[in-house]
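Across the two complexes that follow, subunit A remains constant while its partner is subunit B and subsequently subunit C.
This part shows the complex of A and B:
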């Protein structure tokens, strides 16, 4: 019932919305990032973070720190918060929260499958997986030889199973296949999430459709740019685009036939929201595109907090934390490798 | 009058301690010692002079980091000690403090030792676990194989090829290799192993899917629990045997086993071999057990020796860290040889601080002494009350509303008596009061035992409720004493009246006493000497009588307390030399309140003294509606009508009086001051020191007339409306006391007396139990809480809004004692 969420939302969602807004207040601010960027060693970073909400997670780490430890502990905090919220959530919020992790699940599946293809150790791969995207039998993925087995053995038990219907082939797995599988899965996932949000209705649908449309469009652009110069046919490329978003359907037609980055740019500049992103880039450049997209995404995610009584805040919070962890990773890498001049290249300030 | 007030000796708690802003210049070599001495003294609040610097840009960041590292190690030791279950053996041992560097080395050594021991024992534990698992697999899987043998003899030959060579059974990988040897033969084979019980079901399903159902899965729960090395918890495991055929299935199954973390162990087919291996394993197990035990004993010894010092080390590191954190707040002077610090310090403690600084200079053999001098302060100093066990709880009650502004009148002085008394007015029952008194006395008697660190911590665990009760034990004591007093006045003991102070003044009209509850009694002697006559109990006019008594009493108490608040505002104005507030706020407020409600109180007292039948509602209402009318039968004393007209006029005059003059005078003062500044700075510099610190700040502020006026308007309206609503609010005293006595009457009459009416021991006992529970939980706990809350409200709102600003900030000295409390 659009516009009447205020009457009933707080019965089930009020507590968690308060929690998530409290968590949001703990996100690092521009002042924190400025201080972090001035750090000389990883110990300085730890010391600075100990004054923030990350403090309890880092305080028991012995002194020669590694970037991975910092990132791991920061992620652990996010996971703890997520699990706490999931425990408290009731339907349909719990389903919504679970949807947020499916993206990581897809990434983990792809990571394990690619890793086994290149004969890496499973335990090592498992450590690299994002903890939010873990499921019980993830280690058994290594057993599978082709897509069909992958589905039949492992994924049929996971929530990803329905998304697999389009990519069950008996072909052996190779890099190209896996990448196509990832994008097909992602497409199905985004569409499903989009439908779910539409079903929820109200402010949730309104805000989430905007955020998910942006996500879908960004993926479309990335797929296009990454597939330029590969053997992927236009039709195949067209098939990987999600069937919603600002670009759907006419933008997709144009993107499908793009042959270089400037054509992508020409296609995208017809859409005002993306024009501002592309206008900041010089011609022929695609390096900074990621950062530009991240900045735009952060802006949109922050806006989700401006409205009340909707689930978009949970999605936005998780995404913002992930961005923050990416920032921390970049800063600590720069500090660890003495590349402080490049610190600002990839850090996206959240506030 | 003025002189009389001046000659009053100052009350201890009335004004917060005089503070002064002091500057310390300490030579670098004695700085650490000086700061730690000051920490022991705990009477100086340092100001952060490096607020703009981030933590790692400060001077002593390395020392802070080292302390952080050391406390991490100490936490690690503590974890280890708790894990080993040795916590009870920790006794704090007082030893001379070791040097920080020395301690750092010691800690590093201990940590190294512990980590090594842990890794050793972990390795041993792993081997031990493997052997234990192998033993269980042998036992369980052996029995499967036996039963299989009986069923299918044909399989036996192939199974027996699962040869086992006894010298390689320790390493799991070699076991697998050894199984490979038999792998190239086709036919039915098996893999046996052990898996977490929680994973067994999914494991089986996965095996089924992977082999398309071409396998046989047997499982049996292991008899013993095995320690999980990661979480150090005992977990249940399940032994399984999978029968399958084909080479591909084998690799798949092995991969799945690996993925599920299942450990595979080969089981020889032959009985004699099985027995032989089992024997060997058992002997190795017992060997390992002794080694493990020895290791654990060694580790425990090391941990115990650490445990002896742990508490001391922890407090020492905590102190060191606090000292360096404080040093980080200080500035270097230009020569880089001295540290400059600023801080607040109570005036009485100046000598002590100086003494501590001198001691530090002397102890560290410094050539130069520290310099200590007082500075002028622009900002308002912190508020510091020296409280003791008894007054602390009352000060907390006031502080919970807001910390007093520097040196303003402290309501806690009066709260000590008024708070428990107002509580008791609502909770008047001397039976319940005695129960509360017992509780308070128990808490106070065990004070010394309970207030030691360990018990406080235990209490915190027990729940904040008990801790709160303990903190407020003296409040509880006074509350219970006053409850007994009020209970005696109300003459209620668990709602039952007693003839304590002699006989009742009333008696029945005739001997049968048949109409005692209808037609009433007759008075035959002097009134009951103390409190309410017990004969009122159960009479027809009991409620009207008690209501009238309690209602009037509430108003008297309320008017008295509000007047006290207004008078305190006068003392504040006097103290801060603000004659403006006296003239245009205190005087009209006093007149307004007393001309309306003070007059009402007067009427109540006259009515009580004369026994007049006048209707006070009527008097008060018609005082406003038609002040000139004749009062008729409601006249209580001669000259009442002209007095009422005068009072009404006074009240009407008081409203504009408190509203208009103050902002206009402020404006005039401001414009004068502004003009005065043009002539020269001399005037203002003379002017400044004796003005209160608050107005000193206003000098720099822009004077905004409309804002001041609106502010004054809000205050006046609030006061005028508040005079009515606050007086009405005091009626809660009556309401709650009524509710309390009615509730206890109900419990007494409807439960206890009803049950007593039956001539049955069981029913009587049940009735007694229900009565006891209702009394304990509803009357003693919930009613206490609600009366407490209402008393709190009366103090915070009705009393304190007359004079209390409560916008100060608390004095937080740098003190080791406080740090220790915080950490616990």
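This part shows the complex of A and C:
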């Protein structure tokens, strides 16, 4: 039984909930995707997108277009919408909206650190960072030699500081340590976000618990599959799984010892929500697993809009837009590479 | 009955000459056919590789599969190309290309790579003339030896892919294998082109010899 959110939510959150529901109506439909999938060139895609909300962002782009340009401009639209909502939000919605971007912040930190390790120019790296994950001192990351310095010089003043307690070591930053740092940070972030939503209570807690648990479970599966055949030990693998979700703790014990995709399937099929995902794949196949997970995620995100007076709609909208941008990226790549027969391999329809 | 022994021997000489010319022409056409088939194979392998790379970027995210992550530190090349003159033919001037893959692993592994590529040269996968049984026996013995070098080779593959992170999607590994296959095909194309040009020179020489005789 929820609290009396219907009586008080609209005082501070009503305007922004209306805004985000309006934005949701602007998501591309199946008809839009069908038109886009029939484009012959990237300029055709630009022409079709000019009739959508992406139009103003792409209209001034000169030909020839690149797929990265389309993705950048579409992301810019998402960033503008997010910033508008953030500057209008009051607590605790403003903190909730900031939590949504911490994942991108982690990705940006890892990008800068990895690029610096590979002796790349910092300016070049900053241009490739996700705009939702930028913070003031991000360029200073390039001077850090190990994780302790990374924390002390830069990250101590950022929202990621609390997540570093588990990975502060004096070890030099190399590829394996950076990967473990990435996944440890993300694990800590997801757990923190989960606790924050639980504290908010009501419909927000219920809906966000489901969405974040799915995210944690999907990460566990991806970490397992990606670590098969690598030097990552079973114990290290287990440490990267989040401490919540449907798979916690018994599913994680099984996933930690999996050596191939069929063993992962056997572990996951014991859980009914994931049985339906793996039933769509043939044995030994993992190529379509991403699409199957994205489809399940989109279904859950769309369901979040069925209830009112909760913050889950903001999270759901951001994720649906990111999925839409992934769809546009894939369609653009297939058109640019003249491989339109493969366009439906990875496009996930939202409506 | 007078038997004219000179005419049959002259006929035999011309017949031998014609047989040799026909063999040269056949060799030229065979090598051209193999060359065109390899070009087509390279094109489809590269198409597959590029799409797999796009698929990996879609799966892992643009921040993880990015040109800015390419390693600019100085490091030894994982793979190199060895150019030698063709053995067994005097003054042939024909270059032979050998791909030495994953050189930073043991020497035995790179030698095995050379042996495999030379086997591929003798028995090209797409078409070959000769005993199929001999080819199958050599292939099975190579398969056993190749399993033994898989682990170091796999480590080298993971090492070169580590610029994108240690835990990468299987789609990125598939893209790596596709581009690796494309590199091998390129070396085969270079060798086949060298053979084709050599066979063309042989045919040309015979034609000019014929014109001079006339």
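Just so we're on the same page, the second predicted complex is superposed on the first by the 349 of 351 C-alpha atoms of A that agree within 3 Å, B and C clash if a C-alpha of one lies under 4 Å from a C-alpha of the other, contacts with A are read in each partner's own complex, and residues count from 1 in each chain.
Please note the rule applied: a residue touches a chain if its C-beta (ideal position, glycine included) is under 8 Å from a C-beta of that chain, and two chains touch if they have at least 3 such contacts.
On a predicted model such as this, the values are computed, not experimentally measured, just so you know.
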For this session: Check whether A:229 is in contact with subunit B, with subunit C, with both or with neither, and answer first, second, both or neither.
Result: second
Exercise. Which partner, subunit B or subunit C, touches the larger number of subunit A residues?
Worked result: C
Exercise. Can A:140 be said to touch subunit B (first), subunit C (second), both, or neither?
Worked result: first
For this session: Would you sort A:152 into first (subunit B), second (subunit C), both or neither based on which partner it touches?
Result: first
Exercise. Which partner does A:290 contact after superposing on A: first (subunit B), second (subunit C), both, neither?
Worked result: second
For this session: Could you look at A:62 and tell me whether it touches subunit B, subunit C, both or neither (first, second, both, neither)?
Result: first
Exercise. Who does A:47 touch here: subunit B (first), subunit C (second), both, or neither?
Worked result: first
Problem set entry | Touching both subunit C and subunit B, counted on subunit A across the two superposed complexes | none
Problem set entry | subunit C - residues contacting subunit A, complex | 47, 50-51, 54-55, 57-59, 61-64, 66, 68-73, 154, 158, 162-163, 165-171
Seminar exercise, completed: So, in the complex, the side of subunit B touching subunit A is made of residues 54-57, 61, 64-65, 68-69, 72, 75-76, 202, 206, 209-210, 252, 255-256, 258-260
Seminar exercise, completed: The answer for subunit A against subunit C in the complex is residues 68, 71, 107-108, 110-111, 114-115, 118-120, 124-125, 128-130, 175-176, 178-179, 182-183, 222-223, 225-227, 229-232, 286-287, 290, 326, 329-330, 333-334, 337, 339, 342, 345-346
Seminar exercise, completed: Seen from subunit A, its contact residues with subunit B in the complex are 35, 38-40, 43-44, 47-48, 50-51, 59-63, 122, 136-137, 139-140, 142-143, 152-154
